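Across the two complexes that follow, chain A remains constant while its partner is chain B and subsequently chain C.
Up next, the complex of A and B:
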């Protein structure tokens, strides 16, 4: 409650967000003659939808006021960059925001209305496997990963849905495990849980997708660190991860190619190392302050609209721009942890943690990849990369997080009332 | 509560990871960047090439193989035949850069050649749009199409050349890829990570053990060094310094001379011949046919190797049958076949016939030139006779063409995979026709196919030679 009061004294962050959007889209408007009105329309519709959702959250007291603002800022930076790369793409991304916001509220309300989420453990498992079967049966390989379903002209990346199902699976297990412990031995339940978790991650590996299972493993590991009391369980899992990683590097050709490109991209810069080298050239060209929006050549970066958008941001907005993006993610993650810490109920606590950790690790893995700190795996930068599947699922997950924070706020308000 | 304390640990770890990102970015900017960005693959250094319409590429008869087209304010490179020329012309992609001819002739194609812009002043006055120079190749589109069809389900390479001039008439490497912009961008990751290595131009950069096709080089050395009258009683196996060398299929051929040993591709005979020739003679022979030497060509070529500083008897025997550490490119084997065809004179291979501005000023022209005089005309003639014997009554019968004499040599080369089990040998065939007045020479390899050169590659070589000869 104290926080809210202090927020009223300072200029509110929402105005900063609006200001940034106005500046950026005006810049895009003045970039080319003859002037084209469309960046202004995109910018205004962006501002309008963000403000509308923000005031809904504030007016109806729908929980945490900041996570949506932070995400809107990230989305704006991404949308400006995408519009600058290709105006068509920017317009499409703005439309995806509309659908993403619908998903945000859908996540918020559907999660709130039904009270059964914690008891659907077996449903999440079955749904993940069903999704895998459908993808393998009807899926198409796009850009090296076999995790797309093409449906009526839309291509849906099913691993994005699998990711959310996995988080629900984790949360539901930890809320139900006391019941399971009552019926079966502790060791058996834990072993079965771990096996299923690895199976679900393994299914993604079978679709030649490496980034998402890596992110999910990190989330899984952090969650078991938090909830398992026995250190041996952690050791077993760490050992399993190291073994799987080593085996992957030794025996899977795809992974070896990526490891080679990571260790020394300059050895085969024409092919294996090309993508990462171009990313480093772009970041290098930007320097600390960037070339300025529209003045760099981010179109030379491969896969710039999805995996490598962070390099484009660094080229035109500088390392400082890149650091700003990282700090915005850090703020988002901080708020997410705060929500998780306040949760009393295990299911919601785990789910809030899962969603927060997913944002955190996905950001870390892809940014680390494009700056060559880590092995490069093709995943999106949440809320910034172009792509409907990723945007819609991330907004839906954000909606769930928002709902969890709203329940706390209501609970706190009522206790505060009683205190008085 | 214990859980919450552990959550705090995780929060701290995540903060640390994010801090790591920021620290590494700063480190990169301060200490790494300068050594990285000065790279020829950094297109930011070249400025924009868009003001110039990139030149077109044609085959020897003027068939269009690559062109550029303006789309709004960007250019698009179009390859009408898709993957057919992916290992000759390469690709020119806005995002993925340039390869092969698109890279090596870039300064001509994009008009960055200093003299070009001065020479082309008449073009400018005449009001031509600024455009890069056009190239024509020595490739024959029809033959290339035929070669690609024949090699379609094979991994390997086929090289067809004119033995007298060194012109490359067709050159196929399989697997290949579609170099057109959108296709390349969509498939890039798959292509780079594929264990089939579709980006490797096998004809020029694949290094293989030559197997029995190397017996051509060995018999040339034997003739040059006066050892061609060796006669030999073959029992199907010979033991040299404790190592056994066997004929393929376990055959024993009885009494043989070099002629008949070549025709049946007798391993015991050539293993023995290898030891008789000795290190110096083998090394000289390899060098005279261009191994261990740079191949001057319009595309990057891997150097074929003979990596011995000294040789044991078993090394000599192995090299005698084209095994051991000797590795060659398919192009090198086509050059060796051409050399025998061309009276022992190895011609420099070439691929680019002419580069000229749109207004017709010639900037570069290819032409025949002698690379090495490898062996004497007499030696070449007697090796040619042996190779005719291979096709007429030996292992190369599948390459015979009715009405003319064909010279050839088959090979079935063991490699790192066959050491562990059978069924993965490279199948080879090299040859030329007509034997009296050679007009075409070929080298065909099907890697890890497990087939014999005579059954798999000889028929392909036959088709290619008769297609070129119009038979």
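Up next, the complex of A and C:
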């Protein structure tokens, strides 16, 4: 009771967010002795853009006001960490936030303006394949994955776009399948759908990308678990996954190395187990409250700016900081599920579910990977890791989720009005 | 100097981040509560028992409301129609009997007793009126007859 009463006097969470940014970026300002004002500029622009978008969402009643707040907190933690790792990177990440927020509103408005999204099933399939062809034709291999297009100095990771297309594909199939069932037999439609889904995931595997297809498979499996009533369909898919996984471990050298490093990173600590061992050292060095920002050595972890950023957070903000990140994702996913549950239309329901599950599984897979709970696969931690493509597509997906929640809110307001 | 500030600020950061998380959770909680309070009375025209005590104080499962359709027993053991594992309830604590459209309440020799509007009940049945407060174990219920729904809402706002 006392707790609840004092909670009424707590300022709104958005001010907490501003406070974290002010403290963190002022701290970074004092870090190097010829004082440079760039951390302050980055911090202020971060606060300004977050506040602007948040008050736009609240002022114009653009739906759920929590998801953006939660994402902003995650982004702030990530941006502070990235700035601390490399100030150039922090500045770039702040610029990406600007583009990400444009993508957020683009996702919001474009998704709202056009009403044809559920009928574009074949377009999503064709676009995914076209994207694959373009990537194979003009792509460049960066960090072992052939899924980058370099265009006038910008490198775009096409698998991020393929991810969103896949979610639209799933949603559009489940909203259109009644029509397809009327024309073809149920078994044939389901089989064709499964084949296409595996084909789209397989195309990503051909680009030597493992993390994204894994996340997409988990999303796909969760969605068919929700929509398909027949247990046999689930069994077939589970069997396919187990077969593909076993084959991967047995025949793909790259995966076998990962498995070896996962089972015992200490056996070959200088080579195969180096990444995971450094990550575990970093998490261990942090303890409960961490070393403090700027006082740890997270730069020793390979790939710390993207895949291993969670270890860096654990090292400098402690296990409490890491748990806070997980809690924030949990709240985000909870809100996403709530939006999906309240949806009336199948298309929007599946899409909201898909986007939420994508955030959830991506977080689970990468955090599980860096703490050696799961096999390590190189994917980004949504909204935290450095990376333009990932940030922009995630913000666009968040914009779509925001739009779906806004539509519900308007629908509910109008029914409440009719009741009166 | 930077070391000292940073190692002090880390506690501040963690605290603020958790206050943020707590604040978000609280807003979501209030949001859900206001929604369920809005929807409930409209749908129900049957008499029901509404929990008045704050649910989060209990470490056992208890519903926000119990619909009364027929004779109902309240108690800790599984055979009761309203079965709540409150250690202060007796195995069989009280019975609500339906006669005509109204309900009568009686205690069935419970250890800690049952109170109706602050007076302890005996084993003879007492007629329940809309807005009566029933106290059993650690729980406080409000009897809502279902015909006048305004009462239920007013009691909702009286909540501590």
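Of note:
We adopt the following convention: the second predicted complex is superposed on the first by the 410 of 420 C-alpha atoms of A that agree within 3 Å, B and C clash if a C-alpha of one lies under 4 Å from a C-alpha of the other, contacts with A are read in each partner's own complex, and residues count from 1 in each chain.
Operating definition for what follows: a contact is a pair of C-beta atoms (placed from the backbone, for glycine too) under 8 Å apart; a residue touches a chain by one contact, two chains touch by 3 or more.
Not measured: the values here are computed from a predicted model.
Aligning the two structures on chain A places chain B and chain C side by side, free of any clash. In the superposition on chain A, A:231 makes contact with neither chain B nor chain C. Contacts of A:31 after superposition: chain C is touched, whereas chain B is not reached. Vectors from the Cα centre of chain A to those of chain B and chain C enclose 130° in the overlay, to the nearest 10.
Of the two partner chains, chain C is the only one touched by A:17; chain B is not. Touch counts on chain A: comparing chain C and chain B, the chain ahead is B. Of the two partner chains, neither chain B nor chain C is touched by A:116.
Once chain A of one complex is fitted onto chain A of the other, the partner contacts of A:182 are absent, as it touches neither chain B nor chain C. Of all Cα pairs linking chain B with chain C in the superposition, the shortest spans 15 Å. When the two complexes are superposed on chain A, the residues of chain A that touch both chain B and chain C are 327, 334. Residues of chain B touching chain A in their complex: 2-4, 6-11, 13-15, 17-18, 20-22, 24-26, 28-29, 33, 36-37, 39, 41-44, 94-97, 99, 185-190, 192-195, 199.
Interface of chain A with chain B (complex): residues 141-144, 222, 225-227, 229, 253-254, 257-258, 266, 269-272, 274-275, 277-278, 280-281, 283-285, 287-288, 297, 299-302, 304, 314, 319, 322-323, 326-327, 329-330, 333-334, 337, 340-341, 349, 353, 357, 360, 363-364, 367-368, 371-373, 378. For chain A in complex with chain C, the residues that touch the partner chain are 1, 7, 10-13, 16-17, 19-20, 23-24, 27, 30-31, 66, 69-70, 73, 77, 289-295, 316-318, 320-321, 324, 327-328, 331, 334-335. Residue ranges of chain C in contact with chain A, taken from their complex: 1-3, 5-7, 9-14, 16-28, 54, 160.
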